[in-house]
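The same chain A turns up in both complexes below, where it pairs with chain B and then with chain C.
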Partner chain A sequence: MTPVSVKLYTDDVSLLMVLIDTNPFFWNSVKSALPFSKFLSHVLAFLNAIVLLNQLNQVVVIATGYNSCDYIFDSSTSEGQTQRAEHLLQKLEDFVNKDESLCREDSVDGPGFSLLSGSLSMALCYIQRVFRSGPLHPHPRILCLHGSPDGPGQYVAIMNSIFSAQRSMVPIDSCVIGAQHSAFLQQASYITGGVYLKPQLLDGLFQYLSTVFATDLHSRGFLQLPKPAGVDFRASCFCHKNTIDMGYICSVCLSIFCKHQKKCSTCGSVFGQAPVQDSSTPDRKRKTPMDA
Partner chain B sequence: MLQKESNDGERRFNREEEEEDDDDADGRGRDAWERTYADERSWESLQEDESGLLRPIDNKSLYHAQYRRRLRTTTAARIQKGLIRYLYIMIDLSRAAGETDYKPSRMVVVARQVEAFIREFFDQNPLSQIGIVTLKDGVAHSLTDLGGSPESHIKVLMGKLTSSGDASLQNGLDLVQSLLNQIPTYGHREVLILYSALSTCDPGDIMETVQKCKASKVRCSVIGLSAEVYICKYLCQETGGSYSVALDESHLKELVFEHAPPPPAIAEFAVANLIKMGFPQRAAEGVISICSCHKEAKIGGGYTCPRCKARICDLPTECQICGLTLVSSPHLARSYHHLFPITPFGDVSPSVSNDPRNLPKNCFGCQQSLLNPGNMPASCVSCPKCKQYFCLDCDIYIHESLHNCPGCESFRHSKSVSTAEG
Partner chain C sequence: MADKQVIKRAKYKSSVKDPGVAGVLKMSIERFVFMPNDPKSTTKLNVEFRMIKGHKFTKEGSSKQALLNLTQDQGGNYIFEFDSFADRDVCREFVANAIAFHAEAGRVVPDKSAPPVNNEQLSREETERRIKLLQENSELQVLHKQFVYGGILTEAEFWATRKKLLDQNDSRRPKQRLALKNEMWTVKPLSDGQTNRVTFNLTPEIIHQIFAEKPAVRQAYLNFVPNKMTEKEFWTKYSRAEYLHSTKNVVAAAAEAAEDEELAVFLKRDDMLANEARRKIRRVDPTVDMEADEGDDYIHLPDRGLLQDEAKDVLDSQYEPYRRSFSQDLNQHAAVVLQGRLVDVELGDTRTVAEALIRTKQAELSDEISNRNLERKLSDRISRITEIEDLQGPRDPAVAPLSIKDPRDYFDSQQPNALKALGDTGSGTKSFRSRVSPREAYGSLRDIVSDIRVMGLSEPIMNQEVALKVLNGLTQNISSTKLHLGNNPHESVLDRLPKVTKEELMHHWTSVQELLKHFWSSYPITTKYLYAKVTRLKDAMSQVYPKLQEIKESVQSDFRHQVSLLVHPMLQALDAAFAYYDADVQKRSGKSGERPNGSV
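== the complex of A and B ==
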């Protein structure tokens, strides 16, 4: 990284971490609506625009693959300065080939999920390094360009990343290209104060990107950005990975179950009595114990 | 850390001297120039290197060593943690809390640490509740009721910072014990006492009170601000708590924050149970509805009870209409890193790190170079599961805040293990 002391960072200088979903199964399923190459041309134009907005702006691209994740591009390194697009595309192609070679099972039904938890964790580590570099640094934010459906097995890891981002005040913006909404990214953007958007017309992706996601954090305060149309806060049960809006919670470890159990499968606690209905607990004096 | 221990004796001695001085003129018996040296303890920020030269303490390696020690103590604990805690913070606001050996005074420093602690506590213990009790003029006073909102506690505490009279440990424990007897059996009952005084002024036999606390399974921990007091130590031993005495402000902070992560669940202390809860959806912005908590029409935001469809303004809460406990699932997820902790990273053996060809050039997490200037390998660690290398800064960040290994999360084959667990 270039020494920060010589640069003058004002509050509109951004560090944009872009996480690009490269899951080949997903891109294969949307081939007709938005081919990967077309998607990339939208994204490249957007990244160029970001770098042009302010000469101190920094862009880092991480690929969210099906079998692995890796850094693709960093505008702050010397190789990032010249022939930006060629460099990025070359690295991306290498990554996609490597990612594909790691694929073991041939038969995958449906698009399958990509490793969002991995690329999010990497982006957060990178941001921490920028924070460590001194009191003056660009303002970081994360943009997820995501299409694959949520992987239920990643729930805990993604939640951990979201809370860590929230603690470091890093907003996670989401642009969902897939057919369905992503409950993970809805929660990520809601909790970290980022923007969640599911574009209606994928042909105009560049327009969406440049009008909604290009503005720095300082300028966002003056804009009317898309408001979330509700957030899916339902939990998934640990026993069947079903999405539920009411369930039973182990008082020891807070694991969620959809049905009453005798023993907690996470922590091994044996439950004594019939489930406690909070309303009918006799020794409760206060009516609203958790008033906010 | 070594620094602290070696200074320990010296410090104790110092403290005693101060106490004597304080008896007659509240610390004003000393000249101003003397006080600067005695109070600031500037010698503590120096350490001796191998050749006997004095130099400022090397914070980075110290910090990393500290973190490794913390990690060892936390991962040794079993997976069962008491995540639903009912904690009373008992703050001594007797005459002793007004002393100025901590700057600007003991009570201000305590209040500052308690404020930070309360925020951290709710971050790590969702569904838990805190209440504040103060000891002053020989009586105990319940400052705030048990509750789950950090801001309300902090506001009340900051408004009540005056010290006078004696502290009565017995009165405080009696009050807390009676309050904690009302909570549900699955909750863990705890008291954290921040004690400035060197004595307790009690109306009766405190030993009886200690036994009463033990009988009602209240875990009592004490952090002293002046010197070790026998009755505090006895109380902690009997009730299974921890006792420590702070050396200075940063040590106090460390001691207070040790109480933020949930303690191991002890079966005899709380009965495991299944609690029925609802996870309300957040309504779209711009929807108008009447909330059941304030009985007012509100625009946007808000949540809907999944059982009776009443509208609620904030979570967590209990539905006013049907009594279902309502939480947001992210609230619960805040604690899941306790259930699935990541393995501590191992030091890279010198044989590997001496040969630069074996090492990747950059940290897997943040891309920072793992080579010092001059191409000598810097110290780094590696994850035993995914075999990726990380820099020391990432090591701390990953284990203390992120709770995910970026390496393990970015490879599908290693994922299958954690998916099966989750």
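== the complex of A and C ==
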């Protein structure tokens, strides 16, 4: 095998990090709509297509499990050169076993959450390693094939990953195969300049994947890809969950409140002297007390 | 200013060369009138100042005539010659004010009440600066015209909020000081060829430079003159020393110095300079690495830099103090020139110059001695730069760690809106609420994986009808969003509005901002003056409402919604101001009647 650095990378060579959702509770809940076997066959065909598109294209697959995540396939390693699907399936089976052994719960309500933050971080780490391998490297992008609902507890970690991807100019594409939209992935794709897609016909998943997500980043400039109509960045307050346009923000942890609080309910910071004035004044920006 | 007049005797000329027609020039803020002395002459002028665009004038002090040239709007100009520069300057100033006045007011004819009388007496520079700012910034000019001439704000109030602008403008023009000549003074001996006489020419300027560059000479001058020798003797001796140097005969110089004690002072190397140099070297940033940029100049190349012939002659150590290298002189000269002129004294008296120079040097020295923390700063800098990170202890944690109890809240604050934007109703969540044991779930997943491993993938993975459907769906979706968003998703709403509407909106924004800024800054109302100002502002603000309504109605129905969205925040801000005003008025009237401005 030729060493990677010798190969001449042109701008249409991709490094595709595919994050596949292997949350068993999710797959159990969508058995009828999209069985895991069907999903796998579509994805494997898509991965083959990517590798065929350009000889230098590289594909890395990370399984996003319920308790853990792991690399399950890397086309650049020697075992990824032949019998790709076999290796991937073997690793996937090992991963499922390992993930199960980590499970501490007796029963899980609903589809549960998969560890998206973990697999995003792993993908970014891998990309960083590629970046540091030398001046010539394939153009990386991340594709999330995700179905589980968003896990609120992972919010901070996922947002951090998103911003880190944005900084390294790595687009995060998302293909949501679950029943609901994912706010995380919508933000991720919007912020990093990737494509967010929720296929309507899950039977044609391969068609969606190959039409929207197969092209390299360079060619994307010439294509019209699905675009969101816009992202609503308005926030709801932490106290009443109301959507607000203007409010108070904790200067320490950036929690949002619709009314003035003495103490931040999220991080416990105690706020200083508030403007002592009658509440009829709608002007919130004024800080100095006005005592006529 | 408006009713002032200037009447001067002047000559009107059609060109600079023209001898001119003598007459009387009468200037008022509106116009200037020229009446020739000869009543039969046809060259009468009556020109309005608003037709005049600029003015030029000749420099004073030159042998030129005192001319004033007024440039007209449509080309063409009026040239006047005055009897004296003083007369000219009075007129020039008047013209400058008049032009600025008209440029500022645009075509508005100022009536008596329009430019509000400002009780502060502005300096000429201040006025000019303001006028200049207005001319440079058209937006500011519009605001100024609207509010100051509209009588809503006084001139002082308008500028009070823009002090920064004025200051900035001011700091851009530091007073320029004349430096020493960038000419290295080497006494050029003028020999007449026949006799052995050599003549040196010294001017006060040159002496100043010598004193600045050679502290030893300065010191010697203060010591010797006039007690030991006359000024002339001193400079003769100095010139002799310079001459010896210029001959480069070190041995001869040493011999002469041995004979004459005073001459030796000039010939020996300057100790004061050396001290100062050492002092400066101590202050050089210790982290500067001279070797690092060794290759940056051309000295290491052959045929570059100074000729090193001085190093060739080997001398006894006793002659060493009498050697002076050209590069030393050059460096010293450069340092002095860069330092600039330190003293502002008349160059005539040599002694005062020398004393003044000494005083500045001493002041510098004492500054430095008192500046002990300079050394501390230096050592701080060294330790900071040469710090080895691995060996440093952990920095003291001046910050409290962030402790977020439940990051879930952040998610909740974003999720509902995001999903709403995506058109997700969230009803799908409830469809599968089944409890599954991990064993079962993992088992089925494992079975599927091993099934595929054994059986292989199902063929074909997808039938063609579905593929076509997907493709059609995607195409439709993409074309519809494209239609919806327009070609350029980054295009702002404003750009799509008609240009007039856009400009009008922007203008109202800035004026509303200006009004609100003044309104809020007047609170709390403590004086009658502030009360009057707030009332004025309130009236002005109430006039904005119908104008905004007008804009809304003037646009086509397609844009009406967009415009009303843009206008809405303005209205809100104004409403807030009015609400506060009303509340304040109520509070005042409720409190007591003793306040004179409490009753409306």
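One rule holds in what follows: the second predicted complex is superposed on the first by the 238 of 292 C-alpha atoms of A that agree within 3 Å, B and C clash if a C-alpha of one lies under 4 Å from a C-alpha of the other, contacts with A are read in each partner's own complex, and residues count from 1 in each chain.
In the analysis below, a contact is a pair of C-beta atoms (placed from the backbone, for glycine too) under 8 Å apart; a residue touches a chain by one contact, two chains touch by 3 or more.
Nothing here was measured: the structure is a model prediction, and the numbers come from that model.
Contacts of A:235 after superposition: both chain B and chain C are touched.
In the superposed model, A:68 lies in contact with chain B only, and not with chain C. Of the two partner chains placed around the shared chain by superposition, chain B is the only one that A:118 touches, whereas chain C remains out of contact. Of the two partner chains, chain C is the only one touched by A:45; chain B is not.
On chain A, the surface patch touched by chain B in one complex and by chain C in the other comprises residues 66, 153, 155-156, 159, 187, 227-235, 238, 252-253, 255-256, 266-268, 278, 280-281, 283, 286, 290-292. The touching residues of chain C, when paired with chain A in their complex, are 402-424, 426, 428-429, 431-442, 444-446, 448-453, 457-458, 461-462, 466-467, 469-471, 473-474, 477-478, 481-482, 484-485, 489, 520, 523-525, 575-576, 579-580, 583-584, 587-588. Residues 22, 24-25, 27-31, 35-38, 40-42, 44-45, 66, 85-86, 89-90, 92-93, 96-97, 99-100, 103, 105-111, 149-150, 152-153, 155-156, 159, 179-181, 183, 186-187, 198-201, 203-208, 211-212, 224-238, 241, 243, 252-253, 255-256, 265-268, 278, 280-283, 286, 290-292 of chain A are the ones that touch chain C when the two sit in their complex. Within the complex formed with chain A, the chain B residues making contact are 79-84, 123, 126-127, 129, 145-149, 182-184, 186-187, 265, 267, 270-286, 303, 306-307, 313-318, 320, 322-325, 328-330, 332-340, 363-368, 393-394, 397-398, 401-406, 409-413, 415, 418-419, 422. By the touch criterion given at the top, residues 66-71, 74, 102, 104, 115, 117-119, 121-122, 124-126, 128-129, 132, 153-157, 159-164, 167-168, 187, 190-191, 227-235, 238, 244-257, 260-261, 264, 266-273, 275-281, 283-292 of chain A touch chain B in their complex.
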